[in-house]
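Structure in structure tokens, see below.
Every chain is named by a letter (A, B, C and D) in the order it is written, and numbering of its residues begins at 1.
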Amino acid sequence: MIDFSYTALILLIPLVIFVLSGLFGNRFKPLVSGIIGTAGLFVIWVLSLVTAYQYFFLTEKAADGTFQELLAVNIRWLTFSDKLHIDMGVLLDPISIMMLLVVTTVSFMVHIYSIGYMHGEKGFMRFFSFLSLFSFSMLGLVVATNIFQMYIFWELVGVSSYLLIGFYYTRDSAVAASKKAFIVTRFADLGFLVGILILSYTTGTFDFITLTGDESPAFTSGQGIWFMGLSTMTWSMIFVFIGGAGKSAMFPLHIWLPDAMEGPTPVSALIHAATMVVAGVYLVARLFPIYTTTAPVALDVVMYVGAFSSVFAAIIACTQYDIKRVLAYSTMSQIGMMMFALGVSGDGGHEGLGFMASMFHLFTHAFFKSLLFLAAGAIIHAVHTNVMNEMGGLRKYLPITHATFLIACLSISGIPPLSGFFSKDEILAAGYEKSLLLYWVEMIVSGLTAFYMFRLYYSIFWGKATQYHHTPHEAPKTMTVTLIILAVITLLAGFIPFSHFVSSDRIPFAAHLDLSIALPAVLVGLTGFFVATLFYRKETTIPGQIFNFLGGFSRAAYHKFYIDEFYLFVTKKIIFNYISRPIAWFDRHIVDGAMNGLSYVTNEASFRIRRFQSGQLQQYALVFVSGAIFLTLFFLYLWTH
Amino acid sequence: MFEGVPLTWFLITGTIMFFIGIYGFLVRKNLITILMSTELILNSVNINFVAFNKILYPDHLEGMFFTIFIIAVAAAEASVAIAIIINIYRRLVNIDVEKMNEMKY
Amino acid sequence: MSFLTLFIIIPALTVIGILLCKKHMQVKWTAVVGMGLQLILAIGLIFLFLAERRSGNMDEILFIQDNVWYQTLNIHFFIGVDGVSVAMIGLTALVVFAGIFASWDIADLPREFFTSLILLASGVFGFFISLDLFTMFLFYELAVIPMYLLIGIWGSGPRHYSAMKLTLMLMGGSALILLGILGLYFNSAPDGGPLTFDLIQISKIQIPVDAQLFFFPLLFVGFGVLGALFPFHTWSPDGHASAPTAVSMLHAGVLMKLGGYGCYRVAVFLLPEAAHQLGWIFLILATIGVIYGALGAVWQKDLKYINAYSSVSHCALVLFAILIFNETAMNGAIMQMISHGIMTALFFALIGMIYGRTHTRYINEMGGLMKVMPFLAVAYVIAGLASLGLPGFSGFVAEMTIFVGAFQKIGTFYRVATIIAASSIVVTAVYILRVVGILLLGKITNPEYETITDAKWYDKISVVALIFGITLIGLAPLWLSDMITGGLGPIMQKLLAVAPILN
Amino acid sequence: MTTNQLMFAIFSAVIIVFSILTVTSRRILRAATFLLFVLVATGGMYFLLRFNFLAAIQLTLYAGGIVVLIIFSILLTSHISEKMEAPGWKKIIPALIAVLAGAVITISTILQYPFPQQVMADSERTDIRMIARSLISTEKYGYALPFEVISILLLAAMVGAIILAKKRKD
């Protein structure tokens, strides 16, 4: 048996780096803090590679061929009651190791990239210390041994995202975006928390291994109808999913993601493309046995929300001009597909194809999407604008960026033999088995994906060569190296026999390429590609005509279907003006008014009473005499006892 | 031995005198007249004391002594009161009790 | 003679020392030395207490001292601590220590200021260590009364109004408490023995339920006024807004805890039947308070008002948790008191420091302060994050303990209340981030602020001490949680005897 | 009607009539004079009851001392010719009601109460020697202590009166 306790270092190293650079950061030269952070990440990356190798190849499987769930470290952190307690630890199983690899790799790449990208920025070391904080929190989330540890790191991930989005804190839009991201996800986290509360109450445990094991209390308790015809467990899973939907930007909690692009581009690549936004998928995958066994309705919710979000975001992505926003909606769309895949999946063996596909897509998407973002970063770095209309013909100036961007585009469009093809194919296959309608919806999404990606690609690299203020030039080495590495991964990742490592019941199985699914998918992808080529390869008026032809619909899509406006209306107008303000008023005038009224009455009464104290001796005497007489009368006649 | 007049008569006379004194105290404005009303009240009490003493307990002298003391106190009181009245008069040039309401509120 | 007496003797000596001082500097340093000693003593107490417990001393109350000081009414100077009061003493010492540094700039009558401040502190210490209801009440008054002077003399804005309002409302509360305590006293010997104010002794007897039903609301409301129970919280915004920095810190950080502690230690502990029967009324009020305070804070423009409403929300959560009557929630209540105490003290300290530099507390008049005073700004962000319950800070630990505990309580009523209370974490995020966004981030709106200086050394000491407190609890909560749980045994026994709770 | 009764009736009538006049007269000097009559009549009552010494004191101290004092103070503070303004009905009516009610209650109580008949024989006429002995006696029925107290009171009153009436230097 291999001792995995060294995996605790994976959490501790970034934490230590964060604390050190947070406390003493201004003593170092900026570059030093960047290098320390990167070096730390390198160590972690190596460690997680070692862990993965040892886990998948050197650790014995259980008797029935499953990968074991290993508690590498588990320390009691806080006790609630005899049964409920929060532990801090490291749980190793296929999906957590897969996530470890994704997070450390992308994070490592982003660190290297940032040394070039953020060079000369004010707050360079602040940036790196926040990155370390993020890495720490994300890794903690991934290896969480219990749902409460996950919640803790979930919150920490949220706050590091907040800090990084608001990195350019003097820019109002960045401040607003960071605030929005935090509050929206916080709202979703409330759902998560309620889900945890219900879950922990019904099952009496937070522990993942207990919860998802064969004799999970979640399978036996909380099955009764509780509310609106659904069982307690179903509700708890729906609430948990709300948390996941918030982090993963699922409709209708997606509004923060496009705005989050206000952060520095490496941050978008790391947090808002590859790692944090897939936490929701990971969360559902973690609790997957509960979903399939006792909460199929909740799983259906996951499916429908995922499917809807994917198509919704894809449509919006076709109409946006800010390249980072296009990528953001693309991310949302792809995560929607992952959710969809989880939603259609069953448990065990080939039934669990969707689960595997979802994880596979998560894996490949992390690489090609971070590649896309980093490439976009390189482009922005070169031309100093985000808007694609102001670009064009860049392929001559930025050859490496161009090549890597193209690879990523092909991959996300599902063109074989790039990684995106394999994972997307599995998703469609899984969807085909569950529901034909949704299968076609996802097919359309797939086509749209290819379309908007190539729309982006052509607008940036082809078309008329815009006159730039100064000639764009290729990014520094630290940036291009990472682009190349990620491109290589994107090229090769599809050939990993993913189902041999990750499956819903942790038993390896063989997934085959089903041509009847793969062919139409590729065709749809190619269609999207050709349409985009037709429209955007050279400047044409067709897109404009189509845009006008669709009229209101396209305008609505351009305005992101007015969801933002709706939320703004609810929060600003209703909550702020019609709830909070009246409460403030109520407090001042009614509650406080009652208290002041009390004092006023007392005061007034005393003013009235003091009239009796007139200073007129004879009045006093009269009162005294009358009183004496009255008392005499009272004691002599009235009080007969 | 005192005969002929029942105790009650004295007491009634005293009571009437007492309440006349009270009435004066309540309605008169001039401080000196108020002082005079006070004297009436004291005297009415004296009459009672003396009557009680003589008619009910003729072998004792408590009533009489009380009266003596009351007279002494009354004298002291009158002298001090008049000193105060004169003092007030010096300051306010008037001894109307209704105008003396410095102590109000 | 228990060394706990030192907690009263040291402040007393410090006050005497301050009165003997001539120069400003001497006054300040005397105060620092006195309260520093007090802090060391408090830390020592925590270690001693933990050592004592580890060595297997499981007495309900440790370090007891019992002297009679008024034989006729059987009033004792009876002191001792359990896990809960040790935690509260630690909190008080920390906040007072930070408070001294936060008021380093005080210019008017520093001697009188520090005298009143330390007098107040000694009242609080006395309250937490005493176990005799009368002595407890005495210290309670000692803590409340200097507040009037502190706000009335050194305050700002409509300070006389605020001071009067605060004092009157708290005195109203005291009157109820006094009634309640007398009620307990006269029911303290059902078998006809001598009457007693001894809290432990009273806790061992059965007070008639009729009497409990009468006195429980008195005591709970009486302490609740100080604990900002809705709708008796309105002294808090005005009082805090007018009070000088250190007073706000002490008041929100420590004094409001007297309310929560009193509700816990006197009202619920001694009158469990009534608590069980009437608790739901106050639970509703507390739940309203939690969400109401948070929503009220969203709209405010004055930093201190925001924080005062936020305190209302957080303190209501304390009362909420106490009224759940199970061990986890009760534990959470105590932790929330400590956590909120440190956190809000930090907030008020920072607000005071910011105000001292910008001379305004209206958030709309400020902006972009991160650039000119990074230390204070970062500290403010940390305080804000702690306040909105971020893991790694004490607020999270406390709130989660409360929510998990409260949700274990059976009954839809409690569930719904818990979810409503939990939703306050979202609202908290809204108002905290709103302030952070307007106040610290963005561009500097007022050119005059370009020349503002960052924190001085004494500001830093104050802030760092408090941040250390919240992160210590936030990162390693287990010792505190265990220490508190150890002290909850008796009250849980009493409550379980009334109504067996599945837990 | 015995002599006693006759005398009592006369004194009583004088007392009541002049009392009323004292408190109602609008000329202050007359009021003082009426008070003098009342005091004298009271002295007469004492004679009637055979308290000769007391009656003497009454006449000297009251009728002589206090009334003179009052008249002096009247002369110092008021214009004799001036009529005092009559008190308003607002004052008179409540006072009258209170006073009448009080008088009725008291008198009716007195009338209802069964006073015992004379229980023992009259002693000797009280002579001065006996009074003097009692006043300085510390035995039973001795009044040494009240006597001393009253002496101090008188002294204090004297000092007080002098200080109060003294003209301030300012």
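The rule is simple: a contact is a pair of C-beta atoms (placed from the backbone, for glycine too) under 8 Å apart; a residue touches a chain by one contact, two chains touch by 3 or more.
Keep in mind the model is a prediction, meaning the values are calculated, not measured.
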TODO: List every chain that touches both chain B and chain C.
DONE: A
Open item on the list: Rounded to a whole Å, what is the gap between the Cα centroids of chain A and chain C?
Closed with: 36
Open item on the list: Averaging over Cα atoms per chain, report the distance between chain C and chain D in Å.
Closed with: 70
Open item on the list: Measuring centre to centre with CA averages, how many angstrom lie between chain A and chain B?
Closed with: 97
Open item on the list: On a C-alpha centroid basis, what's the spacing between chain B and chain D, in Å?
Closed with: 5
Open item on the list: By the touch rule stated above, which residues of chain C touch at least two different other chains?
Closed with: none
Open item on the list: If I count partner chains per residue in chain A, which residues reach a count of at least 2?
Closed with: 618, 622, 625
- [ ] Please set out, as single numbers or ranges, the residues of chain B touching at least two other chains.
- [x] 22, 26-27
Open item on the list: Please classify the inter-chain touch graph. Allowed labels: line, ring, star, complete, other.
Closed with: other
Task: Contact footprint of chain A on chain C as seen in their complex - done: 165, 168-169, 230-235, 237-238, 292, 295-296, 298-300, 309, 327-328, 331, 368, 370-371, 385, 388-392, 396-397, 400-401, 403-405, 407-408, 418-419, 422-423, 425-426, 429-430, 433-434, 437, 440-443, 477-478, 481-482, 485, 503
Task: chain A residues within the chain B interface of the complex - done: 610, 613-618, 621-622, 625
TODO: Would you tell me which residues of chain D are touching chain A in their complex?
DONE: 91, 94-95, 98-99, 101-102, 105-106, 109
TODO: Quick one: which bits of chain B touch chain A in the complex? Just the residue numbers, please.
DONE: 22, 25-27, 97-98, 100-105
- [ ] Show which residues of chain B lie in contact with chain D when the two form their complex.
- [x] 1-13, 15-24, 26-30, 32-33, 35-37, 39-40, 43, 46-47, 50-51, 54-62, 64-65, 67-69, 71-80, 82-87, 89-90, 95
